[in-house]
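Once you scroll down, you'll see the structures, which are given as C-alpha cells.
Here come two complexes built around chain A, the first alongside chain B, the second alongside chain C.
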Partner chain A sequence: MRVEYINPFVEAAFNVLKEVLVNSDVRRGELYLKSASTPVLGVAAIVGLAGDVEGRVLFDMNRDTALAVASVMNGEQLATLDDLAKATITELANMITAQAVTKLHDLGFQFDLTPPAIFTGDNMEVSDQDVEALIVPMETPQGKIEINVAIRERA
Partner chain B sequence: MNTTTELTRNEDVQNAKKERLDKIDYKMVTFSLAGKDYGIDIMRVKEIAKAGKFTYVPNAAPFVRGVYNLRGDIISIIDMRILFHLPAERKVENALEDLIILRVEERIFGVVVDSIDKVVGVASEAIQPPHPIFTDINVKYISGVVENASRLYIILDVERIFAQKQEEKKEIVHEAESSTPIQAPPPQESGEDDRGDVNIGFIRETLFTFRRFSVSPINKGWFERRYQEWKKLKKDGDLQLKDFEDADEYLSGFYSPYTGAFWSSEYAAAVTGAMPNEAAKNYNVWNPGCGKGFETYSIACALRKKYPESRIKIWANDSDLLNISNAPNMTFEIDDVPEDFREFLVKGKSGYSFSQVIRDMVMFEYHDVLNANPMPDVDLVVCRDLLSFLAPTEQSRVLGDIGEKLKENGFLMVGGNEEIPVSEEWEQLRADPVVLFRKKA
Partner chain C sequence: MKTKQDFPAINERKPDGFRPDGAAYRVLIVDDSVFVAKQLSQILTSEGYDVVATSGDGQAGLDAYKELYPNLDLVTMDITMPKMDGITALEKIIEFDKNARVIMISALGKQDLVKKALVMGARNYIVKPLDRKKVLERVAQVLLK
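So, the complex of A and B:
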C-alpha cells in the first residue's frame, strides 16, 4: 500500500475514536501487513473506496466491543446488538473513513466512498485475493478494534 | 637390551589401557537409526516403551509426531529420524514404534527410533570426541563416540538437542523444510566438500538465524569465496559465528555498492549503458526492497536522463515501515548527491529534495513481496540483496513472480554478489560492476 495513504488512516482512526469515546485511553498498536483471507472477529463494518484507487476499509471487532462502543457513543447502556447499535458502528466506520479520505484529498488524492455496510455473525472470513491489507490495531478501554485497509492503485 | 625395555613399556601401556577400559562408569541405552548405532546416556532415559496411535498435533513441526498419553502424562513424541533427515522406514498405520522416554530439564519427551538395542556399559574415558565424518547428524548434537564389542556407538547429547531455545528449534524446522528446488546445494551436489569441512554448514545455518541470509544458488559463489577468505582471516581460530556481530562481519562484503546511498554517476551509467537506447512510451520499473529510497531515486534520475521521452513509473516497495515511510519526502545535503543528478533537485526549507518530475515517477509502497504483487508488467526490476535474505522457498517464489511480471527482453538487476542460475529464461549481460540479467524472449 502506498506510503502516503498510511498516516491519514492511522490519524483519522485515532482522532475519531478519541472523540467518540470521550477522551478515554485510546492506543495504537504496531502496524503490520496481512495477506488475503482475514478472519473476522464477529462484527465487521466495511466501507468501499473508489476513484484513483480501488479498495476497502474493514473495521473489525468482537460483539462485546461493538456493544460497548455503541453504548458509549449513544450515551446509554445498550443490552443487545440491535439496529441502533449496528447503525452506530456503521456510523463510526463512516466517520473514520471519511476523515481519512478528507486528509488524503488535501494531499491531492481523489477517493470516493461507498455507503458503509455491516456484517455480524460467527466464524466469518473475508477473502479478497491479490490484495494485501494494512492492519491498524487500536486498543480502547472497550476492547480491540482492528482497522484493515486494503487499497490498490488502479493499474 | 633396548628392545626388551621397549617391549615391557609397550606391555605396560596395553595393560593400562585395558584397565581403563575395564572400569565401566558410563551406561547408555543403544538404538539404531538408519542402520547406524547410537547411544543416549542412561541417566537421561526414564524408560523405554512401545507405543503407537499418537495424537496428531496440527501445525506442529514436521518432526513432531504428535502427543501420547503415557499412563496419564501427556508427552510429546519426536521422530528422531525426521529431526535428523534420516530415512525413516514406513510402518503400517498405527503400528507400534520403539520409544525412548527421555527426561530433559523436568520435561518428558518420547523419541521414536528405528529399534532399541540394549544397555551398554563403557568406561567414560574411552569416549572420544565426535568426528564429523562419522555421521549424518550435525556434530553439535553429538557428545562423543565410543567403541564396544567392535561396534561403534555415537552418543547423542540429548540436552543439546531438546533443551534448545525456541530460535534454534526454528532453525531445525527450516532445515527440515528446505528440500525445495532453489535450495540445491546442501546434501547431494556439494555433499563431498561440505562433509570434509563441516564448519561451512554451521556458518550457513547461523547466517540464517542471525541475519536471515540463506545460501542458495543465487549467492553460493560469493558464499564459498567468502568462506575461503574467512578461513584465512581466522587462521586456526574459531570459524563459527557466535552472534550478530560475527554474522555482520561475515556478510560485510556481500552488500552491493551504494547500499543506503545514492548511486555514483559511473555506477548509474553502467546500469543504463547495458540497456537499449530506445524505450517504450510507457516504461515501468519494479524496485522491491527499496529501503530508505536512495536506490529508487537513483534509478529514477538515471532513467529520466536515459529515456527523456518515456513516461516512467517506478513501483518501489519495502516491508520495513520505518525505513520506507520517510522515502516520499526525503531531504538531504547537496553533497550527498552525485553531480549528474543535481539538475533534478529543488531546495526546500529543510534541505534539498527531488523535483516534482522525479517524485511523480516514483510510488513508494509499504508492501511485502511475499504477498501478491499487484503492479502491471514491468520493463526493469531492480532487486539488489533482497532474494538472499528470503528463505529458499520464498526465493523461488519471488523469482517466479519477477519472471512473470517482467516483459520479454526486460532486465533484472540483482545484488553485486548475487546471480540468477543460468536457465532457459535468463541470460546474463556483461556490465561490470552491475549484475544484470535479461529475460529471454
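So, the complex of A and C:
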C-alpha cells in the first residue's frame, strides 16, 4: 500500500485529536504493517472507501480509552459505552475521515465514503484479503488509538 | 449586595440567546448524531437560547419546522443524514418559508455542498469540530441580520 494514502489520515487524526481532547499531549507512534489478521482492541469505528481507491479505515481502541475519549469530548464523565458514547466515537471517526479525505481529494483521488459503523466486542480480529493494513498508533492521555488503514487502488 | 457591586463587568453582558423583547430565541436542531445534537444544545442553552426540538434526519426536521412555524427563529442543519439529507431538507424548508434562517453544520471536506446550501438560502455554516465561540458567533450573526 502506498504511504501517501495513510499520511492524510495520520495528520488528520493528530489535528482532530489535539482539538477535541483540548490540546492534550497526542503523540504519533511507530507505523507498522500487517498483512495477516489484526486483532481489534475492543471498540472499532470503521469507514469504507470506494472509488479510485478502495478499502477501509478502522479507528481502534479499547473500551476504557473509548469511554475516556467520549467523556472528554462530552465534557462529562460517561459511565458506560452507551448510545451517546458510541455516537461520540462515530463523530470522532467522521471528523478525522472528513479531514483526511479532503487532503486525498486535493491530491486527485476521487472516492466516496460510507457512514462510520461501530463494532464492540472482545477477541475480534479483522482480515483484509489481498490488502495490507498499515497501522499508526496514536498515544493520547486517554490511551492508545490505532489508525488502521487498508486501501488500494482499484484494479 | 456588596459582592455584586464589586464584580460588575463580566456578568453584565446580556446573553445572546434573547430577542430584543426579552424572549429566548427558539432553535430547532437537525442532526443524526446524538453527540453533535447534545453538543449544540449545550452550547446554545448555556447562552440562553431555547432549543425547542431536535430531529434525527432531514424529513423529521422538515416536519418539525412545519409544525413549529412560525414560532421558530433558527434551524441548525447537518448535511449528511439518513432518509433526507440536509441539503434537501433546506430546500424544502425554504420552499415552505422563504425567510427561514438555517445554519448548515458540516464536516470538513463538504465545501461544494456548503456552497450549494448557501446559494439555496442557508444563512451561514459551521464546520465541525464545533467550537463554542464559533457556534455562538455564527448564530448571533444570523439572528441579528
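One rule holds for everything that comes next: the second predicted complex is superposed on the first by the 155 of 155 C-alpha atoms of A that agree within 3 Å, B and C clash if a C-alpha of one lies under 4 Å from a C-alpha of the other, contacts with A are read in each partner's own complex, and residues count from 1 in each chain.
Simple rule for what comes next: a contact is a pair of C-beta atoms (placed from the backbone, for glycine too) under 8 Å apart; a residue touches a chain by one contact, two chains touch by 3 or more.
All of these numbers come straight from a predicted model, not from anything done at the bench.
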A:33 contacts which: chain B (first), chain C (second), both, neither?
first
Look at A:152 in the shared chain and tell me whether it touches chain B only, chain C only, both, or neither; answer first, second, both or neither.
first
A:131 in the overlay: touching chain B, chain C, both, or neither? Say first, second, both or neither.
first
Mind working out whether A:112 is in touch with chain B, chain C, both or neither, as first, second, both or neither?
neither
Name the contact category of A:6: first (chain B only), second (chain C only), both, or neither.
first
Can you tell me which positions in chain A touch chain C when the two form their complex?
16, 19-20, 73-75, 83-84, 87-88, 90-91, 94-95, 98-99, 101-102, 105, 115
State the interface residues of chain A toward chain B in the complex, per the touch definition above.
1-4, 6-7, 31, 33, 35-36, 129-132, 134, 152-153, 155
Complex contacts: residues of chain C adjacent to chain A:
33-36, 38-39, 42, 80, 107-110, 128-129
Considering only the defined contacts, which chain B positions touch chain A in the complex?
319, 321, 324-325, 327-328, 363-368, 370-372, 374-376
